[in-house]
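Which chain is which? They are A, B, C, D and E, in the order written, and residues in each are numbered from 1.
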Amino acid sequence: MPHQKLWNPYVAGVALGLVLLASFLVMGNGLGASGAANRAAIGAAYVVAPDTVGHDPYFAKYVGPGKNVLDDWLVFEVLGVFLGGVVGAYSAGRLRRGILMGPRPMPAWGRLGLALAGGILMGVAARLARGCTSGQALTGGSVLSLGSWVFMMMVFAGGYLAAPLVRRQWR
Amino acid sequence: MIFPLYPLDAFGYEASLVAGTLLGFAFGFVLERSGFGRAPVLAAQFYFADTRVLKVMFGAIVTALLGTTILAGAGVLDYSLLTVPETFLWPQLAGGLLLGVGFIVSGYCPGTAVVAAGSGNLDGAMTVAGVMAGSLLYGFFHPWVAEFEMSGAMGVARLPDLLGVPQALLAAGVAAMAVGMFLGAEALEKLFARRRGGGPLLAPVPRNWVFIGIALASLGGLGTLALEPPAPAAAPAPRVVRIDSLTLARTLVESPDSVRLVDVREPAACEAKRIPGAMCLPADDPGGSFLADLPPTRRLVLYGAAELRALPGPAARFGGPVLVLAGGFAAFETAILTAPVAPSPVTPEALARFRLVSALHAKFTGAAAAPPPPAPAGPARVQPRGPKKGGGC
Amino acid sequence: MAYTRREFIRIAGAGAGAAAVGSGLASRWWGADGDPVPDPGTDGDRVVPSFCELCFWKCGILCHVKDGRVTKIVGNPKHPLSRGRLCPRGTGGTGLLYDPDRLKKPLLRVNGRGGQSFREVEWPEALDRVADGLKALRDKHGPEALALYTHGYGGSWFKHLLRAYGSANVAAPSYAQCRGPREAGFRLTFGQGVGSPENTDMENARCITLLGSHLGENMHNTQVQDFALALSRGAGLVVVDPRFSVAAGKADHWLPIKPGTDLALLLAWIHVILAEGLYDHEYVEKYAVGLDKLREHVADKTPEWAYAATTLPPEKIVETARFLAGARPASLVHPGRHVTWYGDDTQRTRAVAILNALLGSWGRRGGFFLPAQLPLPKYPYTHYGTEPKPPADVAKGHNYPFADETIASGVCEASIPGTADYDIKGWLVYGTNLMLALPEPEKTKQAIQALDFIAVVDVLPAEITGWADVVLPESTYLERCDELDAPPWRVPFAAVRQPVVEPMYDSKPGWWIAREIAHRVGLADYFPWKDSVEYAMQRAHAAGLDCDVMKRDGVVVGAPAAITIEDGVEPAFDTPSGKIELYSQALADAGFDPLPEFTPPEEPPPGMFRLLFGRSPVHTFGRTTNNRFLSQVMSSNELWLNRRAADELGLADGEQVVVVNQDEVRSEPLALRATQRIRSDCVYLVHGYGHDAPGLRFARGRGANDTRLVTRTKIDPLMGGTGMNVNFVRVERRQP
Amino acid sequence: MTGNLEVVTTRHNAAIDPVLSAWGWEIPVYLFLGGLVAGLLILGAGYELLHPDRPRSRALRAMPFAALGLLSLGMLALFLDLAHKLHVYRFYLAFRWTSPMSWGSWILLLVYPVAFLHGVGSLTAGQRETLLARRALAPLLRPLLRWADRARRAVLKTSVVAGLGLGLYTGLLLGTLAARPQWNTAVLGPLFLASGLSTGAAFLLLFRLDEREHDFVVRWDVGAILVELLLLGAMLLGFAAGDRSAQHALYHLMGGPWTSAFWSLVVFAGLLVPLAMELIGRRRRLPLAALAPALILAGGFALRWVLLVAGQASSFREFP
Amino acid sequence: MTGPRWAMTVDTRLCVACKACVLACKAENAVPDGFCRDWLVEETRGEFPELHAQNRSERCNHCSEPPCVDACPTGASHVAGGGAVLVTHDKCTGCKACIAACPYDARYVHPGGWVDKCTFCLHRAQRGDQPACVSVCPTYCLDFGDLGDPDSVVSHKLRERRFKVLHPETGCGPNVYFLE
């Protein structure tokens, strides 16, 4: 297992907790991810089809005259996450282009297709739940929000429920 | 209170974006080092092969929870300024399930997918694309789910409030639960590892130190319960300026919109008789806590029965200038609300003042018009007129 | 330090290589690249003098025509009203002439009124239709059932037509909706109104007092010139206005008065001036009656009394009273122009007149001059027939004894059957957009629906044209000749309007339209002339004026005349007493207050603001808001709201808001101007925007229409003026 | 209260009001490519001048031609920006020594032949043979090659000089426009030169270089980035120490509307992160991922873009 | 050097911000729709009711040290007779360097492809006329004339009145003076 360069999970947990704490102390709120993806997606859609998107009441709160959909804290935060991932991986000698998959060989398109499908599910889910594992479970969990704890439990439940179905991918 | 910095206006919006980049960087870096940029590591959680996800996540939650609890308890952090996600029970329940499924299918959650993309993993990038597509899809089909999206709305619902347990106690409970879960997870890992024939086990040293830390922090959090609740009046005391009755009366005539006049006597006394234009303390808020939240667009003028020696606490937190009526209501009553006595001897200054006070008296009592000036030549003639509408003019 | 680097580069550059290559030199080698002074070439090959019609001041203009196009319009230096200068609108005549939205063909209605569907027809058909309408009206209801609304100088032909036809219902909104009260107030006091152009000698005033008059924003050329000249000579200025107007910005004393309480201030001023003996004893003694009654009347109107009403500190009232009295008699308290505010307007302007009388300014240099006028004999027409019935501009049983012109809003109401002594059944509308000019537009629509016939003569497809049965496209003032203009003024003069270019499209001059209609309804005798040039020149000739000079210069100026007491004129007062009536027996006899009495106006309820409106220097009401040239510097109105009030409503400067009045009428959205420049109990906007006529393709949908918000008025009981500043509004954020 | 100054203006000139935006995307593209080409020329020629005996990779040899292509792209952007494109020849009917733009147009005229000669001289023997085999080219090419080889060091030195001129000029173009407080700093010239060097290096790093070349380029890149950071610091300090207009320029980047773009995109993502990666990579002997140069290139463009937009918006009318 | 030194004075005490100057300029110089060579600035300082207003008719300042001319790479921007700064259309490429160089933002790109600005109506001045804005102004607040001539109106006014120029710290030496 190529885990030698991974941090001890307890240490990592504390480190992550400290980052989260810093975020609370500095910004008054926690961390997130799906919101930025949402904004990036809407921004891209707005470039492609400004009329359709611009006149949709749901999207209208993001785009329109005088509004920059990317002008948002989360967008910058996720830019940072990306860069952190880059530097983290590079400094650990792990930065290389590739496709990660379980021990069982499978075609690249299959893995990518599953990744995309899972992503779409999570995109919908994150909108519905108003956040993903970062924004809802991690952030909301540490300020003891009821909904966040419900969400977190359900994430694990969903994962364990579906795990046997995609067992061939990972085991 | 020092924290949270941004809501306390320590820096502006643009700088907050820069802070976001830096915090995000740290977040991404730690996630990557935790192995969260790699799908097989994450997926292992759901097959009990490696419960890193659980350990890191709950480790983080416990750390942040204990940290905020201690700091808030110590009076350094204003907990009420933290953003707490609102609870929408049903959509969050459904969303959680769906996200869990997506998690195991893609091997990432949205945040870790970004890290994966950053570390060059194309499947991670693909997941990010999927998340984007998914949220767009949600937007397009929003009308169909709009109702469900709002179901089970409970607003900000925090467990300590719901359970009625002090936060520090609950935090300690969560920490204890987490430690229990960690131990259980390790036991499971061992079990599954043995079944598959060995695997690297974690060194116990950092773990034990972390556990000790958690325990100490939990105790620390509980310790803050013993502290006095931090006094909220740490804000710089506003400059209290006195205003005399005549000036106040003139201000109320000349620019009534520049002041907000509040009668802080007993509501009953206020209802009975007050300076026209003043507001009484509402019966359900006799402490006047609304004063702190008034928009600082006007000067706040307070008066009691007699001169106020100290400001009510909420008024001290008012964002703008606060004035206190010199001598309180009694002074105003004497100066303006009682009909002035014609001066003698008649000097021009005394006459001018008399005429002015008469006019103000008429204006504020609304009952009689200003008596004509006592011209030195003749006696004063009072010409009564009908009562004016509503006290105003 | 800013430019050190530039200097550095220059020095470095000079040293390095560029030695001989002087900057210009290099390019000159290549020839054909001198630097000629660019000439835009807008000077005309023909320059036609005329006078302006963008507003109703009638300044002299010179129109440059090049290749058949009017390239620019400049002021006529020989004309006493323009002195070679123009207000912004004057330059913008081309924007009207070349407005692509102009009415181009006569139109006949296709279905119901207000439905905006018309078909284009040729002139004979349209004129026949009008003639048929007028003949039917005369036969069925009598000639007095026809009313004419007119605003604009071409209206003279139609006034003449109406008199010949037999109706006295000739009305202009400029009376009862604008300057009527001051005419009545001054007439009651001095026996004479101030007219237009006003006989104010501002140029020589040593102190000017403006009450709600926003000179500079209200842009009458000569008046603003005089105002500026007075200021440049150091005249004092007192401005009473709830808004920090442009004029207030120049004032020695700005009194941000509570709206509607001007009369209290005026009475307090009179009180101080009388109490302190600051008035012109000799003048009052010689020319005025009723001083004692006045003295008694204002005895209790102290500055302190006014303080409570006006919110102006008594010290300030005393100070300004002394200030403006100190400059007498060259101290001019301006009578204002648009003065229909609160229904007590005649009494208020009477107080202005009384104050002027105390200052001795009437007939004095720097006060009100006694104007001179060129005698211009009337055209020798056949005498009009019998005297027509008096106008039906008053509701049954009512009487406005001091109205001296027809009340436009009254004529409108008389069109609703059964309300007046007799019903008005037909309208001719000449160049006045009643939908924006008359208050309570819903009532106007109701009146129109009850008419047998309505024809509109206009240049642009304004809202009112949408309600017409027949729309007759008139030529603009640059394409036609009109009546001569010889108003009473500082110097006597007569000016001519001449066609500058041929009429565009199928438009016709007003004189032609009126003449054609007259011919068709059997009134040809009243239009014996061939065209208006022949008509005008005959009058000029009869007055002994040199017609060639008039055509060449656009104006003939008579010999300077004595116009002030200082010049040796003795004023005459056409009042019952023959003197200035400080106390008016006529008013007392008619059952009104013989001396102005102040009643506080109704206050806006909490959360609402008093709606005030005014003018912009670049527009004449709604007439010019479609003018693309003028609109480049102002294409929409905005709502002035006190900054603090805006803050408390959570509204930001520049935000789109909607104004909602007490009757829940909602305005069109407009931008908010959150400003320090206005009191917090009122809002202000410029009148004339918020068009919804589909034909006004530029103006449509720009800004908000204040007229729609004027759903109630307070009628002046003396002369029928419609006080319009009695509406309250709240301000809401525009919902997306 | 919200300030005590209200200003209403009727000016309504397109691209001037409410905020100056006369220059669009074309100018930052041009400035970016110009700087990049300057960096390429300096690094390419510098490497050969410093290490004349070392073999050079194909990528490095082809570099001058790439530079010519990129420069032409930049020139195209510049051309697209002209309001009267037919008058473009006017640049070459005058030399206005007070105008950096005039200097620039003449410098560009120098860069083309120099870069071409630089490139021709870098051709490998095989490439030369292929080209000379074409009858039409041979008579022209042969003397050119001979001359370019003979004057190789002179050509390289000129190349460095032309690169320096080009790189400096892209900054001076803005830096001399003192009407824009944001540009009113002497740092812009050297800053854009350093950024040009760094982006030039990053561009090279996208291609396959040999190990010593790679090392050389990374070393120069690290140096350039460090200098750039220093210059940015100097710029901010200069603003902080300056007058009212400079204070405003500082505010734009320290709390004002361009703060996030400047610090997050330019400084952090465009400079610090790739710098860290290069340093880490050198220490740990890790192969450099393409991401680092990509970030440098993006940061270099962001630098021009932010400074151009912020500069146009910074105006004396901000503090009447 | 003899010859005139053109300058303009704006009496801010008289200006009522009516915009007659703007429109007269547009008509005289056939300035295309959507652009203007001169404009009005209305400044209000203070808080209700202590307010002070200043109205200014602004335009190109025809600087003595014009940075726009320095920035022009082709010589299109130049200093013409009397110190007026003009643009020769045929030489202008529309590179916009002068626009960026002008601290007063007085220039704009004419749709015809050249950079345009106030010319002090030099074509009128040459034949002894006043600029269009000056000759139309109904408040007599604008004056134009030769600073070199001590008897010119502008010289008189600058001697007699307090005045300011806009942003003297740019060092450009503006030649439009605002009388206070």
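Details
Basically, a contact is a pair of C-beta atoms (placed from the backbone, for glycine too) under 8 Å apart; a residue touches a chain by one contact, two chains touch by 3 or more.
None of these values were measured; they are calculated from a predicted model.
Closest chain to the protein centre (all Cα atoms averaged), using per-chain Cα means: E. For the pairs C-D and C-E, the count of C-beta pairs in contact is higher at C-E.
Per-chain CA centroids place chain C at a distance of 32 Å from chain E.
Look at where the CA atoms of chain D average out and do the same for chain E: the two points lie 37 Å apart.
Centres computed as Cα averages put chain B at a distance of 53 Å from chain E. Rounded to whole angstrom, the centroid-to-centroid distance between chain B and chain D, based on C-alpha atoms, equals 48 Å.
Counting partner chains per residue, chain C shows two or more touched chains at residues 2-3, 6, 10, 23, 26-27, 33, 632-634, 642-644, 647, 675-677, 680. The multi-chain contact residues of chain E, meaning those touching 2 or more other chains, are 19, 22, 34, 36, 40, 42, 44, 46-49, 67, 70, 74-75, 90-91, 169-170. Residues of chain A in contact with two or more other chains: 76, 79-80, 83, 86-87, 90, 95-96.
By the definition given earlier, chain contacts exist for A-B, A-D, B-C, B-D, C-D, C-E, D-E. For chain D in complex with chain B, the residues that touch the partner chain are 1, 255-260, 263-264, 268-269, 273, 289, 291. Chain C contributes residues 299-300, 302-305, 307-309, 311-314, 600, 603, 642, 644-645, 647-648, 680-681 to its touches with chain B in the complex. Against chain C, in their complex, chain B makes its touches with residues 250, 253-255, 257-258, 295, 297-298, 352, 355-356, 358-360, 362-363, 369-370, 372-373, 383, 388, 392-393. Touching chain D in their complex are the following residues of chain C: 1-3, 5-6, 9-10, 13-14, 16, 18, 21, 23, 26-27, 30, 33, 632-634, 643-644, 647, 675-677. Contact residues on chain E toward chain D in their complex (touch as defined above): 19, 22, 34-36, 39-47, 58, 67, 69-76, 90-97, 99-105, 107-109, 112-115, 166-167, 169-170.
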